[in-house]
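Read from first to last, the chains carry the letters A, B and C; within each, the first residue is number 1.
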Amino acid sequence: MTELYQALAQGLLIGSTYGLLALGMGLVYGVSGVVNFSHGDFISLGMFMCLGLYSALSLDPYVSVIITVPVMTAIGALVYLFLIRPMVGHQFLMVVQLTLGLSLVLQNGILMVFGGQPARTPSIVESKLWILGDVVLRVPHVIAFVISFALAIGLYVMLRSTDFGRSIRAVHQNAHAAALMGIDVGRVQVLTFALGIGILALAAALLLPGTPIQPTQGLRYTVITLLVVVLGGMTNFVGIMLGGLIIGIAEAFGTIYLDGAIGLLMPYIIFVAIMLFRPQGLTWRSSK
Amino acid sequence: MLEIEGLTAGYGGIEVLRDINVRLGDGELVGLLGANNAGKTTMINSLSGTVKPMAGRILFQGEDITRLTPRQRVERGIVQVPEGRLVFPEMSIRENLLLGGINSRARPQRRQQMEKVLELFPRLGERLAQHAGSLSGGEQQMLAIGRGLMADAKVLMLDEPSLGLSPLFVQYIFEIIDKLHADGLTILLVEQNLNLTLRHAQRCYVLERGQVAVEGGADAVRNDPRTKSAYLGL
Amino acid sequence: MKQEFYDTLSSPILWGVLLLAALLPFALSSYYLHIVTLALVYVALASSWNIVGGMAGQVSLAHSLFIGIGAMLSSALLLKLGINMWLGLVISAVISGVLGAMIAWIDFRFQLGHLSFVLITLAFAEMGAIVVEGWEFLGGASGMLLPKDTGDFLAFQFGGGSGSFWVMLTLAAVCVLVNVAILNAPLGFYLRTIRDNEKAAQAIGVNVLRYKITAMVISAVLASVVGTAYVRYLTFADPYLLISPVITIEIVLFATVGGLGRAYGPALGALLLVPLGEVLRGKLGSALPGLHYFIYGVVVIAVILATPRGLLPLFERQWERWRRS
C-alpha cells in the first residue's frame, strides 16, 4: 500500500510540471497550428543555462530563472519571427522538418558548449526530504508541484479575463475574425510562442534539482510533452494539466511496478491508444 | 468619408477586382450588390485590410489608408461584420462583445458602449454568459453586429447580414440597420438580395465579375438593364 | 510504366556516372572512401524514406524501426542463433515489411492526417528504441560486435573497403532507381494525389489503403536491407545509432535539403551533407563533438527558408543553363 501511495504522490508531483511543459505547446498549437519538435531541446537549453549559471556564478537554479526566463522568452520570440513565421501560410508541413532541424542545432550547440557527460546542477533543496506518514517526498518535487499549479492557474486566469488572454483564444477560435476585431494576429502568435518558451525556462529549473542532464535528452522531453498534449486534446487547458498528471502517474507506476523496458513503454502505449481511439483527447467535450 | 479609387485586388496574383471606384458619403447607407463570386467579399476585405490591394488607393476621411494594417483600420473606425457572422463560438456573449471593443480607440469606453449595444439588442443582454456557439443564426447575427458596434465604428461594413436567416429575422436585422443609419452611422451593406437592399440603401453599386457595372440611386439601379445581366451573368 | 523510366535505365549518363563512381576505390584513400561509402548508405536510406515521406507526403518518423530491425535483428540472429546473415537480411526485411504494412493500415483505418501520423510514428520509433535497449537478445543497451569482415561473400561479408563500397553503391543505385520507377508508374501518380488531397483521392476512387501499404512496404523493406548492410559495414551494432529516432531525423533532413518527392532529391541532399558532416567531424570532432549535426540543422533551416522545394530545382536550373550554352 505504501508503495502505491508513494507512486501516486511522486507521479502527481512530477506530472504537474509535465502539464506545465505541455501547456506551452498546446497554446502555440492553438494559435498558430505549429507543433514544435524542438520543444524538448528548449527544455534542455533552459536546464543547461542553469548549469552554466551555476558553474560561472554558483547560482541556485531557482535563482537562475530570473535570468533564464527573460532570455528564453526573447529567444522564443526571435525563433518565431525569423524561422517559423515565414513558413506559416504556405509549406506548412515543412514546419515539422524545420523544427526538427532546430532540434539538431540546439541539441548539438549544447553538446559543443557543455560536452556530452551527464551533469548535475546542485541546489540547496536538492536532497531535502519531506516525510508524510509512510510517503517520502523530495522537496524539489513539492516545489515543482506548487509552482507548476500556481502558474497554470495564473495562465488560466490570464486566458479567461485579460484582453491578451482573450486575444489568444480569439485567434485560436477564428483567426480571420480576430483580425477583423483589430487584433494583430501575427503579434499574438509571436507573443504566445515566446510565452510558451519562457514557461519552459521555468519548468526546466523545476525539473532540474537531482536530475542528471545530458544534451541528447531533448527528444525524449519532446515526446513526453507531445504525449501530454495529445492526451489533453491538443488545446484543452484543463485536459492538458490532467494529461500531465496521468502521464506522471503512469510513469511512476511503470517504474515502480513493472521492470525495465515495459515500465518505460507504458506512457507510449497509452499515447498510441489515445491517438487511435480518442483523438479528441481524454475530455469529453472538445472545448477550445 | 470613404473613397476607393482605382482599386485592383485579388489573391495569389489573380485579379478578383479590377479598377473599382466607390464612394461613401458621411452618414450614407450604400449598398454593394452582385451575384456570387462578383468580388463583394474581396472588396470588403480589401477595405478591412485582410486582402492586400495590387493597385489603387483607399482614402478614409482624407487619409490614405491603403497600406495600413487591419488593426490600424479598426482603430480608425472601419469595422467589418463578416459573412457567416464568425462569432467566437467557445466564448460567452460578453467576451465576444469585449473583443469587439479591444482596439485601442474603443477600449477606454467599452463598458458604456456595451450598455448601448445591449439596449439595441436586449436579447443578448438576457444571456450574457451563454456561449456564442449555442446561439441561433439570428442571434449570432445580432451578436456579430453588436460586436462590430463595440469597436465604436465610423463605417460599419456588413457582409451578407441576411444570409441564412428566417424572413422574420431578416426584417428585424434590417430594421436595426435602418435605425443605425438614422443615428448617423455610415454603412456599407454588402448583399446578394437585390430588392431588399434597394429598399434600404440610398445608393447602390452593382459588381459584375470584379468591376462596377451599375451605380446610382435605388430606382436607377432597379431599372438599369445591366443590373439584371450582372445578376444573371448574361 | 512510362517511357521515361526505360529511357533512364538505358541512359548512357546513368551508366557513365555509375561506372565512374565504381572506379572511386582506385582513386580515393581509405579515409575518403569511408566517407563516400557512408554517403551512399544515407543516399539509399533517404531515397527509401522518400517513397513515403516525399511522394506520399507522410512524414514518417518510424523508419528507425525498419533500419533498426535490419541491423539489430539480423546481427542478433547471427550471433545468438548462428543464422546466416543473408537469411537474417531476408527475415528482417519481411518483418519490416509486415510492420510497415501495419503502420500504413493503422494510418488508414484511423484516418490519422499528416500531423497525427508524425506523432504516432515518433511514438513507435521511441518504443522500438526502448525495446531494443531493454532486450538482451537484441544486444540491449551495449550493442553487439559482429565477427570480423573477412570478405566471405556467402556469410554476407564484403571485405570492407572497396567491396563494401560497391555493395553500398549498388544499394544506393537500386533505391534511387526504385524512386524513378515509382514516379513513372501509376503508383507515383496515386501517391501524389494522396499527398495533395487524401479525401479527394478517395472520392475519385483511388484505393488509398492499397497504395499507402504498397509505398510503406517498399520503403520499409529497402530501409531494412540497407540497415543490414550498414551494420555489416560498421561491424558494431550500436543501438544508439541504428534504432535511434535521430537516424530518421537525419534522413528526413537530407531528403528535405535535396528536394522532397523527387527521384534524385534525397540522394543529392545526402551526397552534399554527409561528406560535409564527416569531414567536419574528422577535423573538429574531438574539439567540438556534435558539430556535424549542428551544421546539418543549420543547413536544413537555411534551405527550408530559402528554397522550400530543396536544392534540386536550383541544380536543375543550373544544368539547363549549362546545357543550352
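One rule holds for everything that comes next: a residue touches a chain if its C-beta (ideal position, glycine included) is under 8 Å from a C-beta of that chain, and two chains touch if they have at least 3 such contacts.
Note that the structure is a prediction, hence the values are computed from the model and not measured.
Participant: Farthest chain from subunit A, going by mean C-alpha coordinates, please.
Facilitator: Checked the centroid distances; the maximum from subunit A is B.
Participant: If you tally the C-beta contacts, which comes out ahead, A-B or A-C?
Facilitator: Contact tally favours A-C.
Participant: What is the identifier of the chain with the smallest separation between its Cα mean and the overall Cα mean?
Facilitator: A
Participant: Could you work out how far the Cα centre of subunit B sits from that of subunit C, in whole Å?
Facilitator: Distance between chain centres: 55 Å.
Participant: Which whole number of Å gives the spacing of the CA centres of subunit A and subunit B?
Facilitator: Their C-alpha centroids are separated by 42 Å.
Participant: From the mean C-alpha coordinate of subunit A to that of subunit C, what's the distance rounded to whole Å?
Facilitator: Each chain reduced to its C-alpha mean, subunit A and subunit C end up 32 Å apart.
Participant: So which stretches of subunit B touch two or more other chains?
Facilitator: Nothing qualifies.
Participant: Looking at the complex, which residues from subunit A come into contact with subunit C?
Facilitator: 35, 83, 86-87, 90-91, 93-94, 96-98, 100-109, 111-112, 115-116, 215, 219-220, 223, 226-227, 230, 260-261, 264-265, 268-269, 271-272, 275-276, 279
Participant: Going by the contact rule at the top, pick out the subunit B residues touching subunit A in the complex.
Facilitator: Its residues touching subunit A are 48, 50, 69-71, 73-75, 79-80, 82, 86-91, 95, 98-100, 102-103, 107, 147, 151.
Participant: In the complex of these two chains, what residues of subunit C are touching subunit A?
Facilitator: So the residues of subunit C in touch with subunit A come to 57, 59, 106, 110, 112, 114-116, 118-120, 122-124, 126-127, 130-131, 133-135, 245-246, 249, 252-253, 256, 288-291, 293-294, 296-301, 304-305, 308.
Participant: Given the complex with subunit B, which residues does subunit A contribute to the contact?
Facilitator: Residues 163, 166-167, 169-170, 173-174, 176-184, 287-288.
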